[in-house]
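Each of the next two complexes has subunit A plus one other chain: subunit B in the first, subunit C in the second.
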Partner chain A sequence: MNSIGLALAIIGAACASLFAGIGSAKGVGLVGEAAAGVVSVDPNKFSKVLILQLLPGTQGLYGLLTAILMLRKIGILGGDLADLSTAQGLMFLAAAMPIAIVGLFSGIAQGRAAAAGVGITAKKPEHNGKGIIMAAMVETYAILALLVSILIINNISI
Partner chain B sequence: MAKLRMKKIELIALLTDSKKIIELLQRHGVIELCRNSDEELENTNVTAVVGEFEKFRTTVVQAMDVLDRYAPEKGSITDMFGGRTEVETDNFGREAMKLEKIMSAAGEILRQNKLIADSESRISQLEVKNDTLKQWLPLDVPMNFRGTDTTKAFIGTVPYAVSAEQIEDMLPEGCSAETVYSSKEQTDLFVICLNEAADEAEEILRKNTFIPISDPDSHTAAEQIKLSGEEISRLEKTIESAENEIKKLSENRREFKFAIDYLTMRKDKYEALSSLGFTENTFVLTGFIPEKYADQLRKEIESKYTASVEFTDPAEDEDVPVLLENSGFSSPVEGITRMYAMPGKKDVDPTPVMSFFYYLFFGMMLSDAGYGLVMLIGTTIALKKFRLEKSMRKTLTMFRNCGISTLIWGALFGSWFGDIVQVVGREFLGKDIGSIALWFEPMDEPIKLLLYSFGLGILHLFLGVAVSFRMSWKEGRKLDAVLDTLPIYMIVLGVAPLGASILTDVPDILKTIGTPVLIAGVVLLVLTSGRSSKSIFGKFFGGLYALYNTATGYLSDILSYSRLLALGLATGSIAGVINLIGTMPENTVLKAILLVIVFIVGHTVNMAINLLGAYVHTDRLQFVELFSKFYTGGGREFSPLTVNTKYIKFKEENYNE
Partner chain C sequence: MSVKYANAVAAVKAMENTLLTRSDIDQMISARTRAEAEAIASAKTSGNDSLEKVWEMLSSYAPDDMELRILLYRNDFHDLKAVLKATIANRDPSVYYISPANVSLEELSRAVSTKEFDILPAHLAEPAEEAYELLTRTLDGQLSDSLIDAAALKAMQDDAEKYGGEFMKSFAALTTVCADIKTAYRCSRNGKNAGFIETAVCGSREIDKLSLVRAAQTGTESLLSFLDTTPYGEAAALLRESPARFEKWCDDKIMELAETARLQAFGIEPLAAYYIAKEAELKNLRILGVCRECGSDRETIEERMRKLYV
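Take a look at the complex of A and B:
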């Protein structure tokens, strides 16, 4: 059994949840700071800004999703450990990269956009939805990266 | 249906009926008033009356705030959805008669509140003073002690640490110093000198930044602390009794609510009066009214009052407000349209266009039958049980419909709270249940679902393009309608089999048909898109530019629908992880207990997050991908003169509710 291949695949899974998670954490934190400012003035806006705060959280979920798919495929979750060659391990590592890296940066960028959206909510609460949509635009790229990650994982034959 | 046709109304009636007619219009809520612009008619000035109502209203609102602080209303989740209390119109009049009593109660609450605030600030003042006095406790002479016949006393502080001896060394003969309190930043001193040494001592003390204590009292520190303690407890009693007084007055809460609404209504009514035009005996009212209510209103007004009601079509350049009306299936998503923008003058209402796909996409993204069931049951109960406001009712109906769609998609994909059926089967019954999907499991065949997502996306986009075709066609630009849409259909349809062949096997026949269709579409687009340009170069480059735009635009639009797959997979796999965590222990009993806990907490969180995700991304697919094909927005929402109440609701029929 080639344990290097397996180790590489696990590093890949770890990277996916790690970097996407960091991106989301930064993004959500960023919006949280802005949101707290608004709530301190008008506590009634809590639910509106909470939605904005949650938006950059999805990258972390995508990272988790990718990691789970990989762990399932290599048999760490519920099944027998697959016998991976070093090349296959590297493939899994590569598969994790799109969502890991795009997740990191898009999470932060989306956090910024959502924090600006909190500004809309503070001044013109009725246009809150527009702020949500603007922040959601950023997420498209995380979704595309997730898609590529999933497609690669799905097509690695073991 | 969609946008309601608006009519312009001109109503002329006797001045004596003006208030009654305005009241009637206010209760029906179907007319948006326009300001009188006819210079031959007089306007009224109602600022003073409106200001008076506003002042009263503010008093009651403040009193309500105070009540909420000291005697909060016992609320429950049902109240949140409870909507406004319904009252009969006559009842309302009777409540309004009590206004004077209500105002005096509100005034009393504010007075008691001020008493509390004043007492509290006095208490904190005293407490600060006590804190400083505590340092002087060891000194048993009154604080304003100036000395005896033969001596002079100085009581005060220096802003540094110093000992009694050090001070005495500085002072002339015949002086004695005592430190009452000492810290790093401050030393409290009591200095006593014989009369003859006093002047010199005072001079030395001043040079050493000695500061006599400010406004000294004729009591000792201990006595003073005792006295202010007594005052504090007196003030506390005052506060307590004021609070009790407020609590007693809280029985007026219901009346306050009435008063706030009543005053708001009166204020709105008088503001409405200010937009009327007057002659000596008559008044003229102009405004917009949805056509369908016009005849009904005319009949009612003409039968009750001496009045003339005329309806005309609004002029081309007039800023006509927009009111949406849709079928029961589409109207729940009107809120989504409103969130983007109301339809402008040339727009069609996008609500019926998107409603079907809205539910479809929402369900596909959440795609868990268990979550769909929870949504369906929750919203159905809420809709049945609670008296809800119209907008809340619509939102809940929208989520109910989305819940049904989620249930269907979840069943198709075999996801009930993730894989809970399989997990229970495997862990507790020792049976491998396998897939219960009615169609297929997305996790096993993501590519298949991805292709279906793109397919649905293409249908969605084509729908948008078709609407723009219909709009151009209706405007009479039939050639434009065809040339703007046909090449797009051809290109997308032609390229689809080629694109799909990257991901899966596509029958050769489709590819063979696809290529010429694509080429024909591209040629048509390049040749015709520059038609508005005059020069031959303009035509050519305009065509190329349109090709570039179409290619990149539609490619990214279609790829964007991959979120249907991604979000669906996210829900399912996280739900799977939750179930997995729940079954970690070996012991069956422990496993069962843990699973129940993790199941409830985990799925609640997962559902909340994915509900939000599905909602946001469904909106996005509508706004960005669909609306960009035909919709501009920018209309103004119809805002009629209506009963704008917060707490109460009239039983009498409002046409527009």
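Take a look at the complex of A and C:
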């Protein structure tokens, strides 16, 4: 068994969940700070700001999904480890990169947009939806990255 | 890009809803009695109507922010003037002390009475010693006040340069220019000598101190002609109409600056802008109260009302 190939694939899966998770954690944390500021003044706005806080959390889920797909494909989850060459391992590592990198940055960026959206909710609660839409636009790029990662994973032949 | 104070900015944005709007002010002007006007204000502000409370809230979010403290420098130096004079005249300074301030009355009183000015914050220590020495030597309260006022402006500019962002630098510069023009105008009207004007005027990047002092020394018309050649020609035109209009213009300019900070989602600027807005709101309420006491008509009151933040 080529352990280098397998190790590279596992590093890929770890990167997918690690970096996307960091992006989400930072984003959700930032919106949480802003949301807490609003709720401290007006607790009735809790449910509205909660939606905004959830938005940057999706990148972490995309990272987790990518990692699970990879771990399943290489047999770690099924218990039947695949014999991966170094090239195949590198392919898995490359497959993880789109969601790892885009997940990290889009999570942070979406957090900033959503935190600014919390400001809209604070001042003009009736325009809360506009803040959600603006923050959700960032999601597009995380979805595209997830799509690319999944397409690569699915097309790596073992 | 910094995402500092996300929590505080969001809280401040929620609190902006408690600031008085133009329609609230209109209703207050139309109110038949003072009590009715006060009821309109307190219904909107729901008890968050004192600067002390606002400052307490802002400083709890940013306890170590030196930039935000610059907003209180004018109060600090006012308190210094009050404590100096009260101590020398053997009177109780507490009636003249205004808050919020960076220095407590006890601290100021102790520094002045023991002449240990080093215990004061850096921006106050040197001007306090200088003013004390000047006041005890000349017993000229006006000159000592002028020295302290100019020192306040200088401290604002220096510390804005040291700790502040673009917003605070612009705020310090605009405050200095407005105060310098006001001082130079008053000095020229009262025929003050060059030495006094030089002590009273701070100077800034916007308007050269020496030229302003020279113009003020020559006379009011010469001062206004000098201002016409600066970017503050509009100020000169307003001073020709009335000093009250100029003062309103200064307040409105600061509010316009605060409005630019309101658009930011993070950072110290929206917090500073909120404090400035609250100050302006209280000033409007004071003007409204005085105008009502004097029986001023609606048009006069509206003319004197400062620009609002919301």
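In the analysis below, the second predicted complex is superposed on the first by the 157 of 158 C-alpha atoms of A that agree within 3 Å, B and C clash if a C-alpha of one lies under 4 Å from a C-alpha of the other, contacts with A are read in each partner's own complex, and residues count from 1 in each chain.
The rule is simple: a contact is a pair of C-beta atoms (placed from the backbone, for glycine too) under 8 Å apart; a residue touches a chain by one contact, two chains touch by 3 or more.
Since the structure is predicted, the reported quantities are computational estimates derived from the model, not experimental observations.
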Partners on subunit A (subunit B, subunit C) - clash or fit: fit
Which superposed partner A:Ala96 touches (first subunit B, second subunit C, both, neither): neither
Comparison of subunit B and subunit C by subunit A residues contacted: B
Which superposed partner A:Ala115 touches (first subunit B, second subunit C, both, neither): second
Touched partner set for A:Leu6, first subunit B, second subunit C, both or neither: neither
Subunit A as apex of subunit B and subunit C, Cα-centre angle in degrees (nearest 10): 50
Contacts of A:Leu18 with subunit B and subunit C, given as first, second, both or neither: neither
Partner chain in contact with A:Ile156 - subunit B first, subunit C second, else both or neither: neither
Partner chain(s) touched by A:Val41 [first = subunit B, second = subunit C, both, neither]: second
First (subunit B), second (subunit C), both or neither touched by A:Glu33: second
Subunit B versus subunit C as contact partner of A:Met70, first or second or both or neither: neither
Minimum distance between Cα atoms of subunit B and subunit C in the superposition (Å): 9
Shared contact residues on subunit A - subunit B and subunit C: none
Of subunit C, residues touching subunit A in the complex: 1, 3, 6-17, 61, 265-266
Interface residues, subunit A side, partner subunit C - complex: 30-31, 33-38, 40-42, 45, 112, 115-116, 118-119, 122-123
Touching residues on subunit B, where the partner in the complex is subunit A: 339-340, 443, 446-447, 450, 559-560, 562-563, 565-567, 569-570, 573-574, 576-577, 580, 609, 612-613, 616-617, 619-620, 623-624
Interface residues, subunit A side, partner subunit B - complex: 51, 54-55, 57-58, 61-62, 64-65, 68-69, 77-78, 129-130, 132-133, 136-137, 139-140, 143-144, 146-147, 150-151, 154
